[in-house]
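Shared between the two complexes below is subunit A, which pairs with subunit B and subunit C, respectively.
And now, the complex of A and B:
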């Protein structure tokens, strides 16, 4: 889900995750339709995970272990330590090194990782993430994408907000919001072919999309969204000096 | 010039910053990159004087900052990541006036500083606007204006664009570049190399230590340094490298605009 600041991304994400009631319309989750989150059976609400944009706003425990273990204990799940260990290792934080530290003493990027671990620890079927990769270093972003892709392969639903359209281009569907409206909801290639609309609403299209957009004015060039495929296509379709 | 000399910070036997030496000259754009938890924010807190080093010293304009008088701290400003947590007043111009008022300056001088600061960051036309009506990029520029009201010589940006949309990122970076031209020394922390291709000098940190110093171009060609700093090579740089290998060089510093200009000059095998 992409869109400029104030386009309604966070609000829509919170409605999807049953954190905010819509003032009109309904949300369907599996076979349940609801307007007020409490209409959604508790066992279904436990299958939704939401990671907030500002992790420091959601921390309250004294140690990273207790922070991540909270949902596991609250839901009465077994094997608390095993689950916490696995969640922390998944986000790239070694268990022994981080379990006893205060979440408030961590760096900005580490806080984001703990916030993510505290949600994936109960293995939700629907995972909604509000700008999960902002503030992560480059390698951590790649590790996170790889993990997200494996999660999706297990049949999970993932919705994530980003300002980085290169990242959005990796998803199955892209939602573009502008001033509270859905402007596009389609495959990435179809959405990003509207390069000039993207720019008009303050979004920066993936570099590959901008290159394709320019080259298609000149002749035959295929639609590609990632850089490796772009370089292959340039090799094949361009005339070199 | 800010000179950080062999500075360490040890907390509970853990060296968060470990023997770091860097320079932040006036009128220059200095970049600092490094993975999450590498010690970048702690280094900024040390330079600003929020925490005291366990070893080493920080020399600002020839004087050690340890035990320096209070007004010394005003020479260095810091812009943090979150635009929501750096603003104290409810109206734009009042927020900028807050700092100078606390210095006990005469009213006319406060007004002069507010005007100059807001003009430098491009918010003068929005001076009567309520702060809650600003975009993220505008809030970060207001935070910068609040610092400028204190007449700093150096501003440290701690991932100041990380939470902004692309338009906001550009606004804040452009503002920082304007301040460099005004003679202010900027230290710019980021994970996005595209922001620092034009930097005068780049430092990379890992595990509390400086593991690279040199030009952005040298950094980009050192795969071990890129790996240590956990940064990704931007698509713009990869495409520029590809074009250069094909005999179509892109002028340094690489920008998306420059890459696209070169793309526009290409011909296709099947033209329309």
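And now, the complex of A and C:
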């Protein structure tokens, strides 16, 4: 999900996760409909994971273990220790080394990982993330995105808000929001081909897309978004020595 | 979000009415005068007179009545409880009996009087907060309390603390809303017995405190780098003077107090 600041990304994400009542329309989650102010039943709540922007601001427990175990206990799931261990290892934090530390004493990157572990610990079918990589350094960002793609590979749906369009380009579908409306909801290739519109609403397209725009002005060139495919296409069209 | 909608403190409604343009000092003294008048006597005549004055003030403020209704709703329960307790516990002439609960005539009269008085006090103070921005209000208090500086009361610091506290109510309300949602997403449900509920508040209260402290530290640093020195009297961006309007409202307040004192024995009720 991409869009300029104030375009409604966070609002839409929270409505999706039945955390915010819609002012119009309906929220349908699988076979049931969510009507505010009815609380979402726990068994449905369990299927949706929501990661807020700066999720480490919601820490409260004395140890990393308790922080991550919070949701497991709330949802009344079995095998608390096994789940916490698996979640921590998934985000790359050795269980024995971290379980007894205070979540407040960790580094920024580690905090973010614990926050993510505290959500994936209940294995939600849909994971919604509000700018999950904000405030992370370059290396942590790459590590994080790799991890997110692995989670998706487990057959999960991942919805995320980002300002980094290179990453948006790797998704199956891109939602472009502008001033509270969905402007596009389509394959990334199709979305980013609307070059002028994207630029008009202040979104800088991925690097590969920029190159393709320029080449298409000169002649026929296929629409590609990632660098590898761009290189292949350049070779194919004999534009690459 | 929910908290911000219901708590009117610091909910200034901008307009350019006569009341809005009056200095905060005048309005604070006027509110005090009205409240003192209300507590002076048990006279229904004074009560009616004060409500008459209040209606004039509400009209003068040019603020839609729903803003006042909100704060009235917040104390509705308090007023009802006051009324019921008075009606049950005072007097001897039984008006109405349900089992061992007996509503008595004297109590009903007294309860109605106290209830009206409570509403009056709330409305009178709401006139002040709705027509005065929090910053002006803190400034006004600061000016009124300035004489206390001679006895080394840190008035400037107090008024700054108050301004900041008022300013941060909506910020913390938003933060609380975000935290509640985040914990709900992790399966928090606010049901169960009293002790269970209190325990369930920990995951909300702890992060809220942490964030409040972090914000306080950031704010302190931001103020320091912009040259804030504690205790120094700062100059004002907008300098306003006392004018005809202030004299008018001050005179009106004096009149209200005098009339209230004069009427204090008229149409009273006795215990």
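Keep in mind that, in the parts below, the second predicted complex is superposed on the first by the 210 of 241 C-alpha atoms of A that agree within 3 Å, B and C clash if a C-alpha of one lies under 4 Å from a C-alpha of the other, contacts with A are read in each partner's own complex, and residues count from 1 in each chain.
Just so it is clear, a residue touches a chain if its C-beta (ideal position, glycine included) is under 8 Å from a C-beta of that chain, and two chains touch if they have at least 3 such contacts.
Treat the numbers as computed from the prediction; the structure is a model and nothing was measured.
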### Task
State whether A:144 touches subunit B only (first), subunit C only (second), both chains, or neither.
neither
### Message
With both complexes superposed on chain A, which partner does A:184 reach: first (subunit B), second (subunit C), both or neither?
### Response
neither
### Task
Scan A:160 for contacts with subunit B and subunit C and give back first, second, both or neither.
neither
### Task
Could you tell me if A:192 is touching subunit B, subunit C, both of them or neither one (first, second, both, neither)?
neither
### Task
Name the contact category of A:134: first (subunit B only), second (subunit C only), both, or neither.
first
### Task
In the three-chain superposition, say which chain, subunit B or subunit C, touches more residues of subunit A.
B
### Query
What is the contact status of A:34 with respect to subunit B (first) and subunit C (second): first, second, both, or neither?
neither
### Query
Looking at the overlay, does A:19 come into contact with subunit B only (first), subunit C only (second), both, or neither?
second
### Summary
Interface with subunit A, subunit B side, in the complex: residues 34-38, 40-41, 81-82, 135-137, 159, 162-168, 191, 227, 229-232, 235-236, 238-239, 242, 246-248, 256, 259-260, 263-264, 266-272
### Query
Which part of subunit A faces subunit C closely enough to touch in the complex?
14, 17, 19-20, 39, 42, 45-46, 48-50, 52, 55, 57-61, 70-71, 74-75, 104, 118-119, 122
### Task
Going by the contact rule at the top, pick out the subunit C residues touching subunit A in the complex.
178-179, 181-189, 202-207, 210-211
#### Entry: Footprint of subunit B on subunit A - complex, ascending
4-6, 53-54, 106-110, 112-113, 131, 134-142, 163, 166, 202-204, 206-208, 210-211, 214-215, 217-221, 227, 230-231, 234, 237-241
